[in-house]
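Okay, got some structures for you below.
Next, two complexes with chain A in common: one pairs it with chain B, the other with chain C.
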Partner chain A sequence: MPSVTYISASGSETAVAGFAGDSVMETAVRNGVPGIVAECGGSLSCATCHVFVCADSDFAAMLELEDDMLDGTAIDREANSRLSCQLKLGDADIRVTTPETQV
Partner chain B sequence: MNAQPVIVRPASARPAPPAAVAAPERSGCPVAHAPASAAPDAVLPEAATHHGYAPFAMTNPFPSYAALRENEPVMFNAEIGYFVVSRYDDVKAVFDNWQVFSSENAQAPVRARGAAATKIMNDGGFTAYSGLSARIPPEHTRMRAIVQKEFTPRRYKKLEPTIRENTARLLRQMLAHPDARGDFLTDVAVDIPTITILGLLGVGPEMVSTYKKWSDSRAAMTWGDLSDEEQIPHAHNLVDYWTECLRLVSNAHEQLAAGTNGDNLVFDLVQAQSTGSEISDHEIASVCYSLLFAGHETTTTLISNTIRELLAHPAQWQQLIDDPSGIPAAIDETLRFSPSIVGWRRKALVDTQIGGVAIAAGSNILLLMGSANRDPGTFEQPETFDINRVNARNHLSFGFGIHYCLGNMLAKMQDKIVVEETLKAAPGLRLIDAAAIVFADNLSFRAPTSVPVTWGDQK
Partner chain C sequence: MTGTAASARPTGLGTLIIGNCQAGVQLASSLRELGDTDPIVLVGEEPHAPYQRPPLSKAFLKGEVTADSLTFRSHDFYRQHDIELVTRERIVSVSRTAAGGVAVAESRRRFAFARLALTTGAVPRQIPFDGSELEGVSYLRTATDAAQLAQGLAGARNLVVVGGGFIGLEVAAGARAGGTTVTVLEAAPRLVGRAVSEQTSEFYLQAHRRRGIRVVLNAQVVRFLGEHDRVTGVELGDGTVVPADVVLIGVGVIPRTELAEQLGLTLDNGIVVDGSARCSDGLTVAAGDCANLPNPSITPGGVARLRLESVQNAVEQAKIAAATLLGVAAEYSTVPWFWSDQADLKLQIAGLSGGHDEIVLRGDPDSEKFSVLYYRAGQLIAADCINKPLDFIAVRGALHHGQNVPADLAGDVSLPLKKLVSAVAALAGK
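Presenting the complex of A and B:
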């Protein structure tokens, strides 16, 4: 089981066990990890599941729609921004940082 | 959300018989499968109270919502023939489980179409169908993926300057009223989203009144209680609107062939089709048809409600004057506290349960988001309007899951612009009589009938 570590904007870390095939968003919501709102439940329509991924993580490249939606995040996107409902866990442990706010 | 739902209270005060709202295409009546105690005849005394729940009464449904959550969170209501679901977790779980709870009944009409209207519509080639909200996978999945590209921030941010200009102009006009009184609903909130939607469709603002007429006919024909005779003019209007949607699509094809860029949603969808996206002309026209209604009514209500709630809480209005960065949170709190749509429909496809209550296949379900949003299990002090609440955004006012409102960001962006401009142009705005504002009878939509405001000297 991959472990997923969520680092808040202020630096505190929450690590939870995830399941391969689940999304980083689902894993956070199921475990009550703060910092990810996921208002639309993963249908790529709200941009409230914004995270910053670490450089060495190897998620599948984003599709155009995710790219367009990232223009609507509450905290401005950066080069390593992703929408976590689109990030599927594999076997590797991963670390993501959540933005200061999703609203 | 052409599926905007649902059931408008019949013009007369008599309660709607259950048959009037059961989806007409169904042969198996869900009422028959309901627990015996819920059979219409058996529960008359109780049905009269229903924990105070009156399905169409919108002015203050919230005390009855609280009673439902507390006493009977999944209740069969014989008057409308629906299971009424009121707790946050249950509402969200049903939205999330589209395999079991289908949205196919989201547009079931209140009244069967009369013979004359049917003939007019058949002769006129009226074949409009749901844009998205009453379609189900896999068709829904295919179409939504294509249409969704038109609803990204990248696209709608381009609309912002025009919306801001229009808002400033409407506010100037309102503030020029010599008696220092206005109706924020009709003076500002109605036009803004209508102009925006027409812009998306590539239609100029000079068409606003024509489109509004069509939209009103749409509402009357789908959710009204019209006699066969009364349906006739509306039937003609629907044919005209559907013809216009087809024209928009063929017009976009011509533009594409001529190499001109239409720069609107219809053009983009036609262009996507030409580069291999699987969406037919009829489906594109259906999306246009549905956007007319989905796109503006609910946004008009959101704008009215945000201004109304903030003015009813002057300290919070002042907080935003001092620090406009709180506006997005105020909009989310308005959506939670006073959602434009308080109830939305689903249908159970198989025998199942909600919150431990058995639900037979074929049952109709009404999800009360207006109640879920005030569930004390999710929101602290839920009956208090508080723009500083940290989790307002967990509201279910845009639904949840595969049908989650595509227009959510567009709606919020328009509301934000209106609030920003109003705070600047009219910081001294006040409600004339907050307690006198009423909401029109409806099963799903909760919209104030007017929002009278003044900015004159304090008396």
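Presenting the complex of A and C:
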């Protein structure tokens, strides 16, 4: 099982065991990891599951809709911004940083 | 999961949350996030741990997601946060004083509490036509309902949807995309009349007709016809019969207020709460679909109170209710928003359009990418955005920050709304 580490804006880390095929968002929400809200449950409607991914992570390229929604995150997007509902876990461990706020 | 291990500890000291739903699970989680260490019991009648309802009328029916994947929190989460999740227990009576009280389930199991939260939700409004009991006539609210509907739709040739609201249109659009013959019967002169403007209603009428859905407005359903206890058609007021293997009735919901009534709480289209989610007894809190709250719009005008049926509202109110239970000041302040995915049509609504006095159309509805912006006294108050996520994001942000987009510029699609918002904000010094 891949391990997912969520690093809060203040630097505290929460590591949880994920399942390949689940999204980074689902894994956070199921385990009650603070910092990811995900009101729309992964339907690309709310932009409240924003994360910053680490440089070496290997996720599928983003769809246009994700790209559009990232323009509306509460904390401005950066080059490594993604919506975590679109990031599917593989076998590799991953680390993401959550923004200060999502709404 | 019925958490019998936890029942050995003293009860009556903590919080009882009635309703295993989005608001309920959020309330429990928020109590822990706020540092509450007292016992928390989350009780509900459904057999499942709390799960997401919105996908039930969309991805779930198409088989793209399973019931398990809709679960909000893992069992580990409840254990780790010491939240006792009790399923399959329907609370039938409750009484309390300022010090606390007790709720009793149909099974006679008793739940004592010091603090009480009602997240009792709503049930589909039933229509008492002849033939409503026929097999194949369904409502959609729970995962169990959705599983039954999915099963019925699997072999169905003809789906009839009674009610042209969000749930009905989402199911209709999904089934049509899958090749089913679909008829939508709406009693009113337009679709989704409760939630959107005439422009948006007209767009959905045309868009669904383009996709091959037969939509009948001003439809008067007389009864459901059947053979061998199974539905075969829907008879209309003009005598015509629409063939049906499956009928979905989606004509709104009724808030569940039975327990609130036993507590003597003020009711008015739901449980009346203040901006801190507090009920009329000043002790109990209520959140989600069951609660009638003061209008959270930042601009004056519109209705004084309303009941919101949305994820955003359930989450926001639950957070506030948790804070209120712990004596922490909190007031509802986020912008209400809604979404509805109907086949390839993504509707996102920001704000509440009630009381608008001006509408600006942004984009061409025939392109299936446009927004309807609502104004009151020159101030932007809401928008319906169809396949226009950038407009939605810009409007939600503007409303959140109390900003405006001038109505005379908003219709120009060559100007991104986000830029218009920032330009106006800069001028106003906000």
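Here is the rule we use: the second predicted complex is superposed on the first by the 103 of 103 C-alpha atoms of A that agree within 3 Å, B and C clash if a C-alpha of one lies under 4 Å from a C-alpha of the other, contacts with A are read in each partner's own complex, and residues count from 1 in each chain.
To be clear about the criterion, a contact is a pair of C-beta atoms (placed from the backbone, for glycine too) under 8 Å apart; a residue touches a chain by one contact, two chains touch by 3 or more.
Values in this document were obtained by computation on a predicted structure and should not be read as measured data.
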Simultaneous placement of chain C and chain B on chain A, clash or fit: clash
Partner chain(s) touched by A:47 [first = chain B, second = chain C, both, neither]: both
Touching partner for A:30 - first (chain B), second (chain C), both, neither: second
Partner chain(s) touched by A:102 [first = chain B, second = chain C, both, neither]: first
Contacts of A:72 with chain B and chain C, given as first, second, both or neither: both
Residue range of chain C overlapping chain B upon superposition on chain A, of 7-15, 97-105, 151-159 or 403-411: 403-411
Contacts on chain A seen with chain B and repeated with chain C across the two complexes: 37, 39-41, 43-47, 65, 68-69, 71-72, 103
Residues on chain C engaged by chain A in the complex (per definition of touch): 29, 32-33, 52, 54-55, 58-59, 69-74, 76-77, 80-81, 311-312, 315, 334, 337, 339, 341, 346, 348, 389-390, 392-394, 396-397, 400, 418
List of chain A residues in touch with chain C within their complex: 26, 29-32, 34, 37, 39-41, 43-47, 65, 68-69, 71-72, 103
Contact set on chain B toward chain A in their complex: 95-96, 145, 148-149, 151-155, 157, 328-329, 332, 393-394, 398, 400-402, 404-406, 408-409
Residues of chain A that touch chain B when the two form their complex: 37, 39-48, 64-65, 68-69, 71-72, 74, 102-103
